[in-house]
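Alright, structures below, take your time with them.
First chain A sits with chain B, and in the next complex the same chain sits with chain C.
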Partner chain A sequence: MISRVLGYLFVLLFVLGLNFTLPRLLPGDPLTALAGEQELILTPEFRQELRQRYRLDQPLPWQVLHYLATLMRGDLGYSFYYHAPVLQIIGPALLWTLLLCGVSFLLSTGLGIMLGVELARRRDRPWTKTVLGVCLVLESLPGFLVGMGLLMVFSLKLGLFPFFGALEVTPAKSGSFGAGVLRHMALPLLTLVLGELPGMALLTRAGMLKILNAPFVLAARARGLGEIRIKYRYQARNALLPLFTRLGLRFGTLLAGAVPVEVVFAYPGAGQLLFQALLKRDYPLIQGLLLVSILAVLAGNALAEWGYRWADPRLREQP
Partner chain B sequence: MQNLKNPRSRLKLVRRYPASRIGTFLLLLLLILGLIGPWLCPYNPWEYAGRPLEPPSLAHPLGTNDVGQDLLSELLYGTRTSLGIGLAVGLLGVVLSLLAALGSILKGGRWDFVIMRLVDAWLTIPPLLLVLLIVAFVPPRVWVLIMVLSLFSWAGGARILRSQALEMQKEPYVEAAVALGGSPVHLARRHFLPGLYPLIILCFLVQTRRAILMESSLAFLGLADPQHKSWGMMIQYGMKFMALGDYWLWWLLPPALALGLTLVSLALIGFGLESRFEPTLKS
Partner chain C sequence: MGKKFLLLAGFLLVQAGLSPPSLWPQEAPPQTYIIGDPQGDWGFPSPMSHNPRGPGYLRVSFLFDTLIWKDAHGFVPALARRWEYRPAPPTYTFHLHPSAVWHDGKPLTASDVAFTIDYLKRHPHPWVDVRPIRQVEVAGPHTVRLVLDRPYAPFLEEIAGTMFILPRHIWQDIQDPARFQEPRATVGSGPYKLAEYRRELGLYRFVAFEQYYRGKPVVPELSFVHVGNELLALKGKAVQAAAIPPEAASELKALGFTVASQPHFWCLKLLFNHGRFPMQELAFRRAVARAVDLRDLVSQTVRGHGLPASPGLLPPDSPWYHPPATQYLFDPRASRELLASLGYRPTPEGWERHGQTLDLELLTVPGYARVAEYLKKSLQEIGLRVRLRQVDYTVLDQRVKAQNFDLALSGHGGLGGDPKIINDVVAGPFAAEFLGGYRLPPELARLLTDQLLTLDVAQRRQLVARIQEWLARELPTLPLYFPTQYIAHDGRVPWFFTHGGIAKGIPLYFNKLALLPPGNSLSSP
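Presenting the complex of A and B:
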């Protein structure tokens, strides 16, 4: 347990270290990363003032301490493109992304498990082979390709869904607020679910195949338990245990995968904001967004690991 | 398995695993295209070869883009970039995985503990997010991309290879070699490498696939080497003209298909090999 905590600490330090060093690796002055390209036209006096404000005139150890202190205060820097503190800008964007990723995480996990269970239990039916092939293809395609395909067919050709944004431009258009949100979220959500569900299904299937005829399943049948109970409480539960720790990792890939997908659908989430920040070379915003996302994923991983201990009774007794 | 040397029975083996066969064929085709592509190109992809936004014609089989560069030439050059980066990362990544796995097994003790904790920690990092962070600051030259992508792709393979090597370590022939005083290098070369061979191929395929996927996503977000045309970059530029008439047909579809086919073929080979090495997975 202690070594796991040390591992997380190590990764945390690594990420913070990268965040601290990268702006200082930029050619020229680290001020470029703090104030943007406009620093080239700053007056020497103002430049001096900026250097003092960001402690760039002090020795490196002091700079590190200053950096950590500002982070502790929740200060992620100042976005020079939006002229606002980074934290203030990424708040709403992160909420949209969290909504999108959260719903698709739940959907893809639930449906993926069900699909995987069925694929394993009916492995001799002809249709499972086709589904397996489709899963394999979908799993290997990048999200933005699937998204562009869906956008092309459902929005541009059929006109069923809006092709940008997350809210109706005119609030009165499609009835309630919720319906508008749903209509805008449908395609990005479908893209992410299609990207994540096959992986979950294939892993569940592989796990199920190993324990399909395990002795405890035979024992459950002999006791006359119902098939649905056997399927989920006995087979799936055991097949899924090793996958539990992967849930945190999957949330990470989902969050990262959402970046290009949000760009395709112009969804106003963190991915779209990151894309804009990359275009504008708004370094504090890039750093702030990625730092928060990475920390969220690390927290998710830790949570999944802790959940694994809770879910597996064999591990619960151990200290 | 013992008559694997016989070409006919080997062919039969391939026939029993059509997924790998189709995948290998597709991948070979793309590899050849990537290798001889620049000689097939009608134009230099950086040259302004025609009028902007030309539809397909005999002179420009896939038309031209918004500044008049030939799209077919871009596509062929892109094959080289995408496959090249993918294969390089796959190779480098698998070498790193192997070094970590064999290092932890052969050195044992404290080394094993440290390396495996490092692997566990590394696995909690979302690779694309960290690569994004680095590439936003370091100019994304091709070699930078290869290094950064390899740096974040070795951990999963290391864990798989180690667990297999751990099982091999208990085999009598390995124990005998250890008892006879075989050096770590000898053990690695003579016993572990041949035994791990199938898994090494699998890890290579998985890491190559992930690298191509990440490279295309990065290029799609505008983080690509401007000196090398790539499919992701083409798709990014093409997307701006998506809603405009039929341009997507010759601008977006070809790179999308090429990228999709590459990834699917790699997945097919991997899946075919996996079901061959692990019979319980076979349906």
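Presenting the complex of A and C:
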């Protein structure tokens, strides 16, 4: 256990170094990105002032030391582009991402497993073939296309859901805060779930098919256990191992995975923020978001490991 | 369990969409006017921390006023209800509106103007260079004199019409203006007060300022907000105005929207690296110019939504435009002759000189990919070998600044305002970086200096015409086209296009004067 924690700490330190270096290896500098062609009309004094303000005039080793020193204090730095502390910028974006992607993660995982189990157990029914076909089509469709389709039908034609954002923008419109959030989240959530659920279902189905008639299932039936218990406690649990790998990977990419959906619905998540930060060469913001992303990847790995051990008791005995 | 879960999820989704109208009102209240923006956030809306691009400035302009402003025809009074100029020493005297007050109710006086200039000298602003002002004299509570070092023709547009006046009682103790992002930092003297700013939503919500010295705005509440798809949001009436893609113009017109095209104040140019042979040769630049059919380029690459550019840089929509006598008509044969005049000879592989085949790299960004393809094809037709390299904006700008390129596509706006823009892009402190190291001929440099010092409009117009002629002859860059951009709105607000663009040339429609009550004098004094 201790060696595992030490391993994670080592990885964290290593990636902190990368976190500082990689953004600076991107060609182009933040001032050019900040003003673009407008840089031509920036006053020279303002340009110099920006360099000093963001310590871009200091040698790289000083910048590293400054980064580590501020990080130790829990300060992620100051965004070049937004003129605000990084924590203040990524805080709301992370909350929205956590809400949207977290709910979609749980929904698509839960519903995907249930659908996969049913598709495997009822594989002889005619409807399963249709559902399989729909799953394959949905999985191959890009998220932004599904999102646009949903927007056109549910927002433009039926007028049921808002077109953009995560909250009502006029106070007079907002019934209650929670209702506004739910209403704005519905279509992005549906888009994400429709994109993620089929993969989950297909993977679960494939795993289930291998163990549908395994001897331990026969033994469970012989012991007179109920079908629901056999289905989920015995069959699904054994079919979930490959799914944990996928879930661990997905957890790590939660931050950036929803970018196309965030763009279509102007949903204020962290993925879009990271994309903009990369374009703007906003080093402190990139570093802050990558740090969160790295932590999510590490957490995803740890959760997948824990999931393996939960699903397969044989792994618990291994060091 | 599965069925219950599915039912619950379905119920929640349906509830979210189908709840009663009292909980989910579908239409925005009529007093709220929402403008959609695909980018969203343009920085905290204070004069010292907004994003240095045009939309960032525009948002602040609803909160803060300048000494003078512009309407569709030219300069109009703003905080200064009138102004005079005396030549010796060059002095502008501004008489402030006596009923102008700050959003917190305190009166706005001449000492606020003096303070602003002093503050901007200590804390530079991205757009306003106050160095031409030598001295500020407060001649009374509502009279201020600005004494200049020497005559400065762009003064009214670049300084008086762009510099937001700051409230002294709020900013006098602020040492780090960019980080001053409290509600107090948005207390201005403009027609609107800031009600809400949400960075993550790109939301700026303004409410009308009741005590505004030119009358309370007719639209009580105005918002800018980030939208994912402006076209759908407009059609669904979720926003009342937004920029739209050109191909949507006729459809929106048919739906009853007011669609307006913006004047052509932005130009896409082909940059040459003047540090490398043969791009440093005028004959080569002219050969390239003659190899490209600009009319066809506009029709092929932007489906006709643009104007072929003038080699003199300024667009026909600019009040300072002069059609240069030197034009480069499409003539591939003349191009080949010009290349041959540089010692190149045509071979099946391309143009060869001293045993080396000319092989050029054209840098582009994804947004100009079609233009780059068109240029490659045009240049290949005269036998030039061209490789395309697609990078992002920042990389392209960086490589141009480092002169690490042969040819590059880049553009800039600001072409509708004061012709000082030519000085900025040709002779400004950073111009050489964006012109691939082009060295200014002394005569052109003199003309550029003279136009800044010439206050007589007719004389200045002649100088600017000669500058355009020079640029057309010398071709430091090859202007390609001015794209046509469109906005659509529901017609509730009589948006108009500002003479030369808002402030120092922002090519956007949303001028705050359109929101003021009728009867406001919009004519120049």
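Everything below uses one rule, namely that the second predicted complex is superposed on the first by the 210 of 319 C-alpha atoms of A that agree within 3 Å, B and C clash if a C-alpha of one lies under 4 Å from a C-alpha of the other, contacts with A are read in each partner's own complex, and residues count from 1 in each chain.
Note that a contact is a pair of C-beta atoms (placed from the backbone, for glycine too) under 8 Å apart; a residue touches a chain by one contact, two chains touch by 3 or more.
For clarity, every value in this text was computed on a predicted model and none was experimentally measured.
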First (chain B), second (chain C), both or neither touched by A:164: second
Which superposed partner A:263 touches (first chain B, second chain C, both, neither): both
Partner chain in contact with A:294 - chain B first, chain C second, else both or neither: first
Partner chain(s) touched by A:148 [first = chain B, second = chain C, both, neither]: both
Partner chain(s) touched by A:18 [first = chain B, second = chain C, both, neither]: first
Chain B versus chain C as contact partner of A:4, first or second or both or neither: first
First (chain B), second (chain C), both or neither touched by A:283: first
Contacts of A:156 with chain B and chain C, given as first, second, both or neither: both
Touched partner set for A:93, first chain B, second chain C, both or neither: second
Shared contact residues on chain A - chain B and chain C: 26, 33, 148, 151-152, 156, 163, 263-264, 279
Residues of chain A that touch chain B when the two form their complex: 3-4, 6-8, 10-11, 15, 18-19, 22-23, 25-26, 33, 123-124, 128-129, 132, 136-137, 139-145, 148-149, 151-152, 156, 163, 206, 209-210, 248-249, 252-253, 255-257, 259-260, 263-264, 274-275, 278-279, 283, 286-287, 290-291, 293-294, 297-298, 301-302
Chain A contact footprint on chain C (complex, rising order): 1-2, 5-6, 9, 12-13, 15-19, 22-26, 28-29, 32, 34, 36, 40-41, 43-44, 49, 51-54, 123-129, 178-179, 181, 198-203, 205, 221, 223, 225-229, 232-233, 235-236, 238, 391-395, 397-399, 401, 410-414, 421, 424-425, 428-431, 434, 504
In the complex with chain A, residue positions of chain B that touch it: 113, 117-118, 120-130, 132-134, 136-138, 209, 213, 216-217, 220-223, 235, 239, 242-243, 248, 252, 256, 259-260, 263-264, 266-268, 271, 280-281, 283
Touching residues on chain A, where the partner in the complex is chain C: 26-29, 32-47, 49, 53, 78, 81-84, 89, 92-93, 96, 107, 110-111, 114, 118, 148, 151-152, 154-156, 158-167, 169-170, 172-173, 175-176, 179, 182-183, 185-186, 190, 228, 263-268, 273, 279-281
